[in-house]
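Following: one structure in structure tokens, then a few remarks.
Chain nomenclature is as follows: A, B, C and D, assigned in order of appearance, with residue numbering initiated at 1 for each chain independently.
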Amino acid sequence: MSGNTFGTLFAVTNFGESHGPAIGCVIDGCPPGMLLSEADIQGDLDRRRPGTSRHVTQRSEPDAVEILSGVYEGKTTGTPICLLIKNTDQRSKDYGNILDTFRPGHADYTYLHKYGLRDPRGGGRSSARLTAPMVAAGAVAKKWLFEKYGTTFRGCMAQIGEAVIPFESWEHVPNNPFFAPVADVSRLENYMDALRKAGDSCGARIRVVASSVPVGLGEPLFDKLDADIAFAMMGINAVKGVEIGAGFGAVTQRGTTHGDSLSPEGFLSNHAGGVLGGISTGQDLEVSMAIKPTSSIITPRQSIDIKGQPAEVVTKGRHDPCVGIRATPIAEAMLALVVMEHALRQRAQCGDVNVSTPDIMRRRG
Amino acid sequence: MSGNTFGTLFAVTNFGESHGPAIGCVIDGCPPGMLLSEADIQGDLDRRRPGTSRHVTQRSEPDAVEILSGVYEGKTTGTPICLLIKNTDQRSKDYGNILDTFRPGHADYTYLHKYGLRDPRGGGRSSARLTAPMVAAGAVAKKWLFEKYGTTFRGCMAQIGEAVIPFESWEHVPNNPFFAPVADVSRLENYMDALRKAGDSCGARIRVVASSVPVGLGEPLFDKLDADIAFAMMGINAVKGVEIGAGFGAVTQRGTTHGDSLSPEGFLSNHAGGVLGGISTGQDLEVSMAIKPTSSIITPRQSIDIKGQPAEVVTKGRHDPCVGIRATPIAEAMLALVVMEHALRQRAQCGDVNVSTPDIMRRRG
Amino acid sequence: MSGNTFGTLFAVTNFGESHGPAIGCVIDGCPPGMLLSEADIQGDLDRRRPGTSRHVTQRSEPDAVEILSGVYEGKTTGTPICLLIKNTDQRSKDYGNILDTFRPGHADYTYLHKYGLRDPRGGGRSSARLTAPMVAAGAVAKKWLFEKYGTTFRGCMAQIGEAVIPFESWEHVPNNPFFAPVADVSRLENYMDALRKAGDSCGARIRVVASSVPVGLGEPLFDKLDADIAFAMMGINAVKGVEIGAGFGAVTQRGTTHGDSLSPEGFLSNHAGGVLGGISTGQDLEVSMAIKPTSSIITPRQSIDIKGQPAEVVTKGRHDPCVGIRATPIAEAMLALVVMEHALRQRAQCGDVNVSTPDIMRRRG
Amino acid sequence: MSGNTFGTLFAVTNFGESHGPAIGCVIDGCPPGMLLSEADIQGDLDRRRPGTSRHVTQRSEPDAVEILSGVYEGKTTGTPICLLIKNTDQRSKDYGNILDTFRPGHADYTYLHKYGLRDPRGGGRSSARLTAPMVAAGAVAKKWLFEKYGTTFRGCMAQIGEAVIPFESWEHVPNNPFFAPVADVSRLENYMDALRKAGDSCGARIRVVASSVPVGLGEPLFDKLDADIAFAMMGINAVKGVEIGAGFGAVTQRGTTHGDSLSPEGFLSNHAGGVLGGISTGQDLEVSMAIKPTSSIITPRQSIDIKGQPAEVVTKGRHDPCVGIRATPIAEAMLALVVMEHALRQRAQCGDVNVSTPDIMRRRG
């Protein structure tokens, strides 16, 4: 309720600060009987962790996850799963005058005004580091959904700054530090190198897709699947926009174009992005999001201090020049958490529903 | 939990179907002691109701609201406020073959697959008519927020199909059927007339703004103000994309541009759209959304019937060729409900916080 | 969240005041596809309604329920079910000096201090009349649970004032105005007549039982089945104590006695009352509750007025001298709502669990 | 939602198993700016921990609490507070045939049937050990409530088995291992020694009281203060009955007796137990609960094994012969959590209410 639990039936409660002793989460509601070990989770954490290329923050964190509860003899017991990640490379000394000034575009200002005090070490609670436990929780959701429904989650970088990235193939994504679906990322490397040299940061666009999603997920009027996806994505640090399917492109579409026709072989297009009326169609969930440039840059900025006096702010320390670069596994995880939640809700209310749709309709359109 | 309650502390539970006897909502959590009558609510309902111009559905509904509970001697008592709107112009006969076919782009398909049955009369529960109770609830929230903090909510049409609408002035908005902030809407009228003649529908972009929002609203890590706004907006019928502040424009911005500088006189820009780290800055909340073209059009479409056989679908009856036209008051209402929720949450947890910020910082940047 | 919604997956939001135009509730989360009509609900409402004997309030209310939404062609659609009961016999003039004094033992005092104002007409929101919508919602839950699991709910009066009522048979319960499980209620009639003559009121003890409850319902650590039952029962007007199984009798039991032995034929006793570790055993749920004497009596009482000055209070109007008399159907309904909620939760999280217990264990112990 | 979070605005999520590496909780919603250290919490943990007398389990646990997050420079930051308690004295070998049999009166049976598997080590999740994190969370709530409103929480043993314990003085409570409010506990010691010798266990009655509770707490219709107290207490391991104020004694009271008269000097009695209409009166909250005899006893019991075959069960290992003995600090903590929750809710909805009641009314009646 104070905003640190994501989900209701598959509820993930997040805790910790960037430079505290540990971060983690508690998952409540995981179905019992699923095989689960740290190894099932560590892979996604490794995809997100810092320090893996020169294009991201140089903080060195193994982000090794420990399962503290909820698993017995290798299986989930249905009781809360506490996942703990110790912080090992905190360096709070790096933070210069951010203790008493406000970085333009940063949560410094709002945290102080909301709570009356703030933990400034590494951004405290507002740090993107707190997405790590969500990636861990998402890995649990992904595993269950895959085993139950064959659902898979994939994401990639679609744009860095002005550099639009064409989609070549999913198979390229793991082979470069940008999660870019292209074979050759030299253009992106040059772009990032120039940006870093300029002491500036840039935005990005991320795309994330879920396939083999069961039809019927989503709870209108309000807890629609797309509404919950928008909630999840906009809640990721630095996200400023979210699209489902055609997204803002739908503004200039006609109804005759946008509405995805159906045939006995399935949907013939997917402008809807896998959701109609807030409920999954069984097609791929197609989500896109805009990520703003990080506010922690070394270029001096005009600001004020906590007394309201003019101040120049320079952020030293270790920061991502484009937070979008590590956002792909985060977006996948959040999407998985949304789908998981709705899969459980669906069988709660509609567990007896059995619509004899031709199987072929379940094909991706 | 089955998705028909919006909000937690200011919780609005929506009920009814397009062609049932009545629609309405129950507001739980309204602070006591506020003057409230039907007249305070009817104004916004009238802005949303159908049949007011040739550019929207010709269904004729007065949408007269009745307060059934929660108000005594003209004041809210703190107990649930039930608002009832009777349906008076249902014509279920108009619906042709939609009973046993699926309209491309419509919730027909997903409702049937989720619940195993559906009320097809006027779209049943999936009808945009169900936004009326939210507009009513939003009017209650707007009133309280204005009296408490001076907060105001305004919205306008920013684009219809390809027709981008420049912002001239808020004062034009009430003077045309499009909620367009321009003096001359002849271009939009011609556009809509041509569209209707073509038997097609189009998308739109809506902008909505809240001013004089208290600083400090929003509950990270998840129930961030912007995340809840995205949830609220994406949940409105036909919305496919949501932006806060710079939105997708942030992708190509640099950190030096995007991060809003601060001065002793306040913020110097508002790329953030009034939210940093998921918490309100005190600046205007700036929200934009994409609305898809309605799926109920008279042009024949390729589809299937409920047995999976090919079928051509034509939607007769009364429909909006651009559902965006009536979306402005809906978006305002949903934004008001989000701000209301967070205003109550904020005083629950942080009611004792008192940050002595220079008053001038509370100015709109 | 402001306390007027009961349940989460099967969520019942209650609205209305004793002397307002109507009372009612919205049920969100009812599984789709169940046959439902007003007739399925009216029976329980008739068991609860006032004016049916000289031992209860003479307010004359048909308590006729209308289904406003959520049912199409006789079946639940899975969307919110709004149930409306119009108030037809309000007589607000009867209330003498209760407008500006506090009845000892009544919610007058606390409502005013909580909300700053209160609707005094018939007790406003604090009236036991507001249990009617819960009885209606409970009837919906009972129907689904019976059709799905064969679960049944029964209750009876166990004690009125000093008069302990032996259990003879469930079949007597519908045949007397006290819900007493005895053939001859003349003793109770005399007791109540004398009490009324004395201008006083008395307490009661109610017993309620659910049979054929699925094993496995309840969500420890906190949302235990017995904890939720205690919550539901203590929340009924005038309840001051709740017991499960042996209840306070367990204080003087030994472990060798209290712990219900198991045999291949099932449990050999039911001191547990059908719950172990907060989870249903499959045995009968056995619940008992204490109901206080009503505070609205004609005998003058010492109190104060709203200015804090001494005042004598006499309550005229129409009141139950023993609110326990009409409490049985209310307690049954609340128990049904709790079981319903947990039945849905159980299949959400544990829908795949299949423990091959000998069938005979499912027998009542 | 899967039942491991207590509270909504002050939400405590509990995790861990009796013999896992650690147990703990995450508190979300603590107001910011409160001084908090481990020392503020350890005291109550020490009151609850095992091994402190011969009358309780001999498991030796320091129950040392660590604050992992949510506190910066000694003050709460308003972000989640993770409290961790490492398990140091697990001895899973002690558990004999409980792996494949069901102890009469124990959660073994229901956990297996609910989840399909269970962690049998020390009772796993069903162990009373999991109350330790709640005692820790309760200490945080107690501190805030005391600093804000002067609210205090006290509890004592009222009965062990047949031994009713007269109330002499609160000051005796900390001076004996039973939390008994009497100077001489030799009778209780003899009682327990005989019981242990007999290889049996017994029940208990606990009383818990909150003083200086603000008037106006509680959210009817359902989230009444007394309903939430009943929920909290019935959810404590082994509790079978809960009373508020007169409790079951109210059954035989008359309205003229039960209803607490008011005078300008305050209430003249407290049969209500501090709650009217589900809302606090400002008087002491008076709560009583029945605790069943523990099911883990060395006397052989008739039961079955997991294949449904007859089996004799003997529980070795370390167990409390009367779980009520250590229940007092648990009950206090749970009561504090309920009051805390409602204190925050009250200022959310009714933060502007200001009833000018004579101050004297706030006196304890």
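As a working rule, contacts are C-beta pairs under 8 Å (C-beta built on N, C-alpha and C of every residue); 3 or more make two chains touch, one makes a residue touch a chain.
In this text, all values refer to a predicted model and were calculated from it rather than measured experimentally.
In terms of the stated touch criterion, the partners common to chain B and chain D are A, C, listed by label. At the interface between chain A and chain B, two copies of one sequence, more than half of the residue numbers in use are shared by both copies.
Using CA-based centroids throughout, the chain positioned farthest away from chain A is C.
In this assembly, the C-alpha centroid of chain B lies 38 Å from the C-alpha centroid of chain C.
For this pair, chain C with chain D, the centres built from the Cα atoms lie 26 Å apart. Centroids of chain A and chain C (each the mean of its C-alpha atoms) stand 45 Å apart.
Residue positions of chain A touching 2 or more other chains: 1-5, 8-9, 14, 29, 32-33, 78, 114-116, 125, 220, 345, 349-350, 353. Touching chain B in their complex are the following residues of chain D: 8-9, 29-33, 78, 148, 220, 344-345, 347-353.
On chain B, the positions that touch chain A within their shared complex are 1-6, 8, 14, 102-107, 109-116, 125-126, 130, 159, 161-162, 200-205, 215-224, 226-235, 240-264, 268, 271-273, 275-282, 290-295, 297, 299, 301-304, 308-310, 345-346, 349-350, 353-355, 357-358, 360-361.
By the touch criterion given at the top, residues 1-5, 7-9, 11, 13-17, 20-24, 26, 28-29, 32-33, 66, 68-70, 72, 75, 77-82, 114-119, 121, 124-125 of chain A touch chain D in their complex.
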